[in-house]
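Structures are listed in the sections that come next.
Consider the two complexes below, in which chain A is the common component and chain B and chain C are the respective partners.
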Partner chain A sequence: MIAQQLVNGVMLGAIYMLVAVAFTLAIGILNFLNFSIPGLFMVGGMVTWALLAQGWHWSIAVGAALLAAAFVALLVERLSYRPSRDADPEVPLASALGFLILLENLFVIRYGSDQLSFPALLPDFNWRLGGLVIGGAQLVSLAVAVALVLWLSVLLRRTNTGRRIRAVAESRETAVILGVDVGRLVPQVFVSSAVFTAAGGVLFALNYLQVSATMGEGVGFKGVAAMIIGGMGSIWGAILGGLLIGLAEVLTIGFLGADLVDIAVYGLLLALLILRPEGLLGRPAAREKL
Partner chain B sequence: MALLDIENLAVSYGPVAALRGVTLAVEEGRITTILGANGAGKSTLLRAALGAVAPRAGTIRFAGADVTRLPVHKRVAAGLSLVPEGRRILITMTIEENLLLGAHLRPDQGAVRAEMAAIYDRFPNLASRRHMAAACLSGGEQQMLAIGRAMLARPRLLMLDEPSLGLSPLFVERLFGLIAELNRGGLSMLLVEQNTGLALGVAHHAVVLELGRVVMQGDPAVLARDPRLQEAYLGESAEPAPQPIPAA
Partner chain C sequence: MTAYQTGLLVILALNVLGAFAVYLPLSAGQLNLGIAGFMAVGAYAAAWLGNEQGWGATAAIAAGGGAAALVACAVAVPILRTHGIYLALATFALGQVITAVFLNLEPVGAAAGYPVTEHIGPAAVLLTTLGVAALVLLLSCTRFALCLTAIRSDAVVADLMGMPVRALKVAAFTLGAAIAGLSGGLYALHYNYVEAQHFGVMLSTYTVLYVLLGGTRSVWGPILGAAFFTLIPELLRASAGWRYAIFALLVILFMAWRPAGLLTGGLRLPWRRRAAEETP
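Now for the complex of A and B:
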């Protein structure tokens, strides 16, 4: 029983992990708490759903949903982040939050606010391992999430683009002096962050077989919590935080009841912040970014 | 034609004028040093040459092309490289990653590894800790790393902003030995340095800035004997200047 709960928790955690990494990219590199990210999560799930309903092939629907999220992220960069970059940090935060509300309401107007049922794309497949049952959608989620995170960590560690990104994260001024084209890099970071969160939205739909215009909210805030638990700005912290929150959620449902999920998750956040304000992998003094 | 040609350059920070019409030429293959008190505009001049601050007026020509409106990354790619004041090592990245960042714009990535090996040969302290965070280096080692990083961009003009600041006498000696040696290899340099005696000793041409204007320039040996300069920057003229260039 507990082993099955752990498996389920890791699978759910994989989705939180993607959202937490999306937040971490924005805050670690750009020092921007991008509150439009839950909206991009929703765009991932909802656009995929809408195009499937039109009869499109799943691969095109998913690809178009990721592109749509990337496009919206570029709009946020252009209209929210860039104009207020030199203003107080609260300004872009508020305008990104405005973007989230705008996005959600646009989708409510078009598709209503009810839960919409998402077709089962994967054959009802269960992999039995000892006493454990692992669903096909769960396996796909874990594989996609791990692949994306691995890709990101290789990119950041081993490529010139990754080193440029990490230089900007540590000191934008030094990066500029070294010839990093920050004006080109920033939109790329927005797009990567959008792809992570929108992929999370698609995987969420695939697992729970439902989407809605507000599907990003609960997951988005847990993504922020995961990022904070792991340590602001640390990619590995976001991964660890996402997994922990997924586990905490599933174990709470299993042993304490579904009513207590949010109390348990945010209680965990609070307790960890009291014990370790810098997060699990954050560093208090010279905080490591990425 | 000069390698770097700056004409009537004016830079302001808000209402404060940092450079008020500076004209100077940096000749190929030579070391040009810029002297002046704090706030004279030396760092601003280097930053404007790199493109990190936008000029209010004036033109900057590098290697025959007008680069006044070019962004920094295009100037770095064209061969301008700055070792900034305070070294600006990226301390969350490893020594090797710092070096690789110097070369990130080069099209010939294949040649970079060999050049890095040469830098490691020269600075064994960097080689033995190449995979450690650059925060572990001493100030002098960080300065060597900053110069190595700038060299990996394969600059045609290396600009150094106060490289000896905060270094131990031993490292200052090594630093000036390195500067002289790199120049003997053909590298052109623009050197801002608070150690006026050492700077005049190594340079072929010296420019004195005061409140954003060029007030004197010429042969360093002549300038070193100028009573105005001695009074202002060499301190009571008690210090023998120029100092000999230390052996490399």
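Now for the complex of A and C:
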């Protein structure tokens, strides 16, 4: 059933892809390894779950979850990124990790650390193609993920905001001199990065039908791996990396057993970092924070 | 001293050791996000040698430190090809791989955990920690520490000045790992139980945060950071969830308010500074 495994891998990869794109936005544009992203992923899934449990309509629940993640991202920008721009490079990283720990534990205090079951929003629908079985939730996730990434790449390439963002990524100082309002642009980047992550969290909940306060850790850290494998700061790299990690994970589970997933994924990451630190699609880093 | 206070002191000692393990490579500019992996190597090595080979406690713990140092030395050469953020992520991946390997290693109990027969009391843990602390303090007065600071400030200049940058980096990385292994060995033999899940990402993260909060410019920084975050939550008597939430909140606030850590170079003792100014 290798074809089925490949399909499952691509579906899982779509979620990693969203998280990896969020990481790559922060590092490519702002040079900031935003380790609060796994927390935002969890906020996406958990807030949706909490509001659905209160009986809200799914669209309101998802919208509120995305808004909550965007709000937290603005806090991260204000408290982690902005004050430490001139400090030692590991300071913003530590501060962002602080946000991750804070978010996780606030949700543990409120909802406990157990797995919570997420209601099935989509009718149980399977699409059969030859011998392949593709779930409705999987299909929706893939469509949403691809749409979001396409929207982002059009935004970056074609619009004025995209031009400003690329200018800041190229050289912050020059962009400021040329009249880019960095003070307004940076929060926008944080918000879009948060929306991507939280959307990934919602899609994860839709697919696996469970959420927990620590759901961000595994997926979020694999998203970092995906970003590096593709090449830091490259959107297409993040997409490729996300798909590769998804495939590697599903194929490892299929052929070697679920216990070896972490060895396979992080071993792959380690080997790649040593052999080709710039990633598959990245250019060698000329400048880096930390 | 009550059992509670002794237990607290042991936790403090283990945290201080972990903080030193992060501090040494960090003083050469290497952020090791996989320190828990090296602790796991030390813990499992000490436990296995004590259980299966009949080694005494002292030898087993020392061998735990040695094993972690060996692993570090072996991976240091390829891993230190990467720099900055890539190094941090490579160590992060390494830590994950090491923990995952122990989680699947049947001879040491795999996911079920591994009971340890040898036992050491709290006094041994505290004495070892004091010894290591004294050693690190002593080390901070030597040329070695100066060279590490130079590399941290600017590796290219340090290289131009004739310092063996590569060797110094490997040495700092290995020494840090040895201390981590030692703390792992102490942990295993004191609590008589090792489980791979304990040595996860979060342990590495907390340890790194102790050091960053205490300050990375002075050898007292890691001690202060570890002490602050072991003792303050105890004093507040918070539940586990709130304890970490408060810890995280303090991390965020401190990083915004005092990004260089609690203890910085500026807080150096007054007579030391005067002495420095007098030298031509």
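The definition used in the following text is that the second predicted complex is superposed on the first by the 284 of 290 C-alpha atoms of A that agree within 3 Å, B and C clash if a C-alpha of one lies under 4 Å from a C-alpha of the other, contacts with A are read in each partner's own complex, and residues count from 1 in each chain.
Here is the rule we go by: contacts are C-beta pairs under 8 Å (C-beta built on N, C-alpha and C of every residue); 3 or more make two chains touch, one makes a residue touch a chain.
The structure displayed is predicted, hence computed values, not measured ones.
Asker: After the chain A overlay, clash or fit between chain B and chain C?
Answerer: With chain A as the common anchor, chain B and chain C both fit in the superposed model.
Asker: For A:L121, select first, second, both or neither according to whether it touches chain B, chain C, the two together, or no partner.
Answerer: In the superposition, A:L121 touches no partner, neither chain B nor chain C.
Asker: If we overlay the two complexes on their shared chain A, which of chain B and chain C does A:L139 touch? Say first, second, both or neither.
Answerer: A:L139: touches no partner chain.
Asker: Determine, for the superposed model, which of the two partners chain B and chain C contacts more residues of chain A.
Answerer: Partner touching more chain A residues in the overlay: C.
Asker: Just to be sure I read the superposition right, which of the two partners does A:L209 touch: chain B = first, chain C = second, or both, or neither?
Answerer: In the superposition, A:L209 touches no partner, neither chain B nor chain C.
Asker: Could you say whether A:R163 touches chain B, chain C, both of them, or neither, answering first, second, both or neither?
Answerer: After superposing on A, A:R163 lies in contact with chain B but is clear of chain C.
Asker: Touch test for A:P89: chain B only (first), chain C only (second), both, or neither?
Answerer: In the superposed model, A:P89 contacts chain C only, not chain B.
Asker: What is the contact status of A:L97 with respect to chain B (first) and chain C (second): first, second, both, or neither?
Answerer: Touch partner of A:L97: chain C, not chain B.
Asker: Looking at chain B versus chain C in the superposed three-chain picture, what is their shortest Cα distance in Å?
Answerer: Least C-alpha distance: 19 Å.
Asker: Between chain B and chain C, which residues of chain A are contacted by each of them?
Answerer: Touching chain B in the first complex and chain C in the second, residues 288-290 of chain A appear in both lists.
Asker: So in the complex, the part of chain C that touches chain A is made up of which residues?
Answerer: Spelled out, the residues of chain C in touch with chain A are 26, 31, 78-79, 81-86, 88-90, 92-94, 96-97, 99-101, 103-104, 111, 201-202, 205, 208-209, 212-213, 216, 239, 241-242, 244-245, 247-249, 251-253, 255-257, 259-260.
Asker: Hey, which residues of chain A end up touching chain C in the complex?
Answerer: Residue positions touching the partner: 27, 33, 79-80, 83-84, 87-95, 97-102, 104-106, 108-109, 217, 221, 224-225, 228, 232, 259-263, 266-267, 269-270, 273-274, 277, 285, 288-290.
Asker: List the residues on chain B that touch chain A in their complex, please.
Answerer: Touching chain A from chain B are residues 50, 52, 71-73, 75-77, 82, 84, 88, 90-93, 97, 100-102, 104-105, 109, 135, 149, 153.
Asker: Mind pulling up the chain A residues that touch chain B in the complex?
Answerer: So the residues of chain A in touch with chain B come to 160, 163-164, 166-167, 169-171, 173-174, 176-181, 183, 286, 288-290.
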